[in-house]
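Heads up, there are several structures right after this.
One chain, subunit A, links the two complexes that follow: it is found with subunit B in the first and with subunit C in the second.
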Partner chain A sequence: MHAISQQLSPTIGCTGIDLLEADTFDLHCFQSLTGTKFFVVCEPGTLYMDVLLKLIYELYTDHVLKNPFYEMEMPIRCELFDLNLFQAVQKDRVALLGR
Partner chain B sequence: MLLGIKLSNHLLQNAELFTLTYGAIVHQLLTDLEEVDEVNKQLDQMGYNIGIRLIDEFLAKSNVTRCVDFKETAEVIAKVGFKMFLGVTASVTNWDADGTCCSIILEDNPLVDFVELPDTCQGLYYCNILSGVIRGALEMVSMKTEVTWIRDMLRGDDVFELQVKLLKQVPEKYPYKDDE
Partner chain C sequence: MIGVGKIKQYSNVLDKPLNKGKQEVSLSAFAFLFSELVQYNQTQVDNIAELERRLEDAGYAVGARVLELLCHRERGNRRETRLLGILSFVHSTVWKILFGKVADSLEKGTEHEDEYMISEKELLVNRFISIPKDMGTFNCGAFVAGIVRGVLDGSGFPAVVTAHFVPMEGQQRPRTTILIKFAEEVLRREARLGG
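And now, the complex of A and B:
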């Protein structure tokens, strides 16, 4: 999808999809400079998803990449990552904004 | 084993533990592999494996934006990268005409605190993990590089000098072909 959107984009320097708005959901995307993509599916109009995505990126670099038993490119099965991710998603919107 | 321990003023014990741990690794490699060249290769490989993971943490926590050219990349590595992970600032010099090759100079290097190379270790690049880290990290942001030691304080030089040469930019390939 990222590749297609880059080719289709009417603007120059497009690096892919950031936000997809549909009737029943919004899809937010964050792409790191290493090409790793993070997606969040949420209710339409949910705010601060970009802040959440950045936080998830940090959680990924800590609990996934620093786990020596995690193999790159493989599905993530790291309990600490899942736990912290769950807590991050549960957190208050205000707390996210205050970071 | 990942050496992601961040050095700070409050955690001097951590800093020594880091130096000691690294020393133990090098020493064990020398015992296991015997050949200095093999140890150099292994340190580089370990560094590479660290670098491919460390780059995302670096990008996530330093908030640097995409570098416009290789010159900016080198400056970011020296000023932000080394600071973040080793607590020291390096400098960049010796640019070639194309802007694809430079030297990163380290005057201070926590890896080598208390270390003296014995005569039996001639040819050992004690800090070779660093060259692997840089090479691995840059590969994950689409740059294939060659990183070599030019000067080494453990071999009697006045500073550590790492030459970083950009071989090519390799943009991410997409697995789908356009329809003919």
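And now, the complex of A and C:
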């Protein structure tokens, strides 16, 4: 998807899709320096998703990459990553929407 | 001249004074190195018990060296000869040097006379590690258990040291306990010394 969008893009210097807006959802994307992509699907119009994506990237480097039992390219089954991710999303939800 | 700093460069590493400060190491750097240590050992062994033993042996080497260094730096070349002395040495001084803080608690075992436990809410080496379910009770804290065993052995207190996860109610992550079981001779000597 990133490769296609890079070629299709009307502007020069495009590095891929950042945000995809649809009727019922928004798709935010974050690309790391190594090409690993993080996607977040959220309700349309949610703010500060890029901050959340950066936080998720940090959690990924901490709890997944430093885990000796994680094999690259495999689905992530790290308890710590899941735990912290859940907490980050909860905190995010409470702080932004007051719910 | 650019690059000439105030630090004197020693041509021979043996000439460097031992008291040369306590430098700090990046936690991430250590975490990656430790992760690689575990992964390397995983490729060399067939089962989990072997992996634990290898990590412990790695820690044993660290413990022996840390003991020598600390006795020189902190204690003025004296070493502990009493049981409680060596335990509190491990619990505070060794932990402070290795992990930047003293251990959470030191307890005497209730069931056996020769058992003591050092507990920690979360071992520094385990901070980023999630054990997969199929590895059962494996604990990378075996490395720390090896360090403790190295320190105790070097001081003349032979013991069997293991690391265990202890689930706590109300907390998601279990705390880690380092269980120290001293050899018979240690208790006999301690009794003789009037412990």
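Note that in this section the second predicted complex is superposed on the first by the 91 of 99 C-alpha atoms of A that agree within 3 Å, B and C clash if a C-alpha of one lies under 4 Å from a C-alpha of the other, contacts with A are read in each partner's own complex, and residues count from 1 in each chain.
Assume a residue touches a chain if its C-beta (ideal position, glycine included) is under 8 Å from a C-beta of that chain, and two chains touch if they have at least 3 such contacts.
The model shown is predicted, which means the values in this text are computed figures rather than measured ones.
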Would you check which partner chain A:Tyr60 touches, where first means subunit B only, second means subunit C only, and both and neither mean what they say?
first
Which partner chains sit in contact with A:Cys78 here, subunit B, subunit C, both or neither? Use first/second/both/neither.
second
Just subunit B (first), just subunit C (second), both, or neither: which does A:Thr34 touch?
first
Of the two partner chains, subunit B (first) and subunit C (second), which one does A:Pro68 touch, if any: first, second, both, or neither?
both
Identify the overlap between the subunit B-contacting and the subunit C-contacting residues of subunit A.
62, 65-66, 68
Enumerate the contact residues on subunit B facing subunit A in the complex.
1-2, 4, 52-57, 59-61, 66, 140-141, 172, 174, 176
Over in the complex, which subunit C residues touch subunit A? Could you list them?
28, 31-32, 34-39, 42, 128-132, 135, 140, 172
Considering only the defined contacts, which subunit A positions touch subunit C in the complex?
62-63, 65-69, 77-81, 83
Touching residues on subunit A, where the partner in the complex is subunit B:
3, 32-36, 54, 57-58, 60-62, 65-66, 68, 72
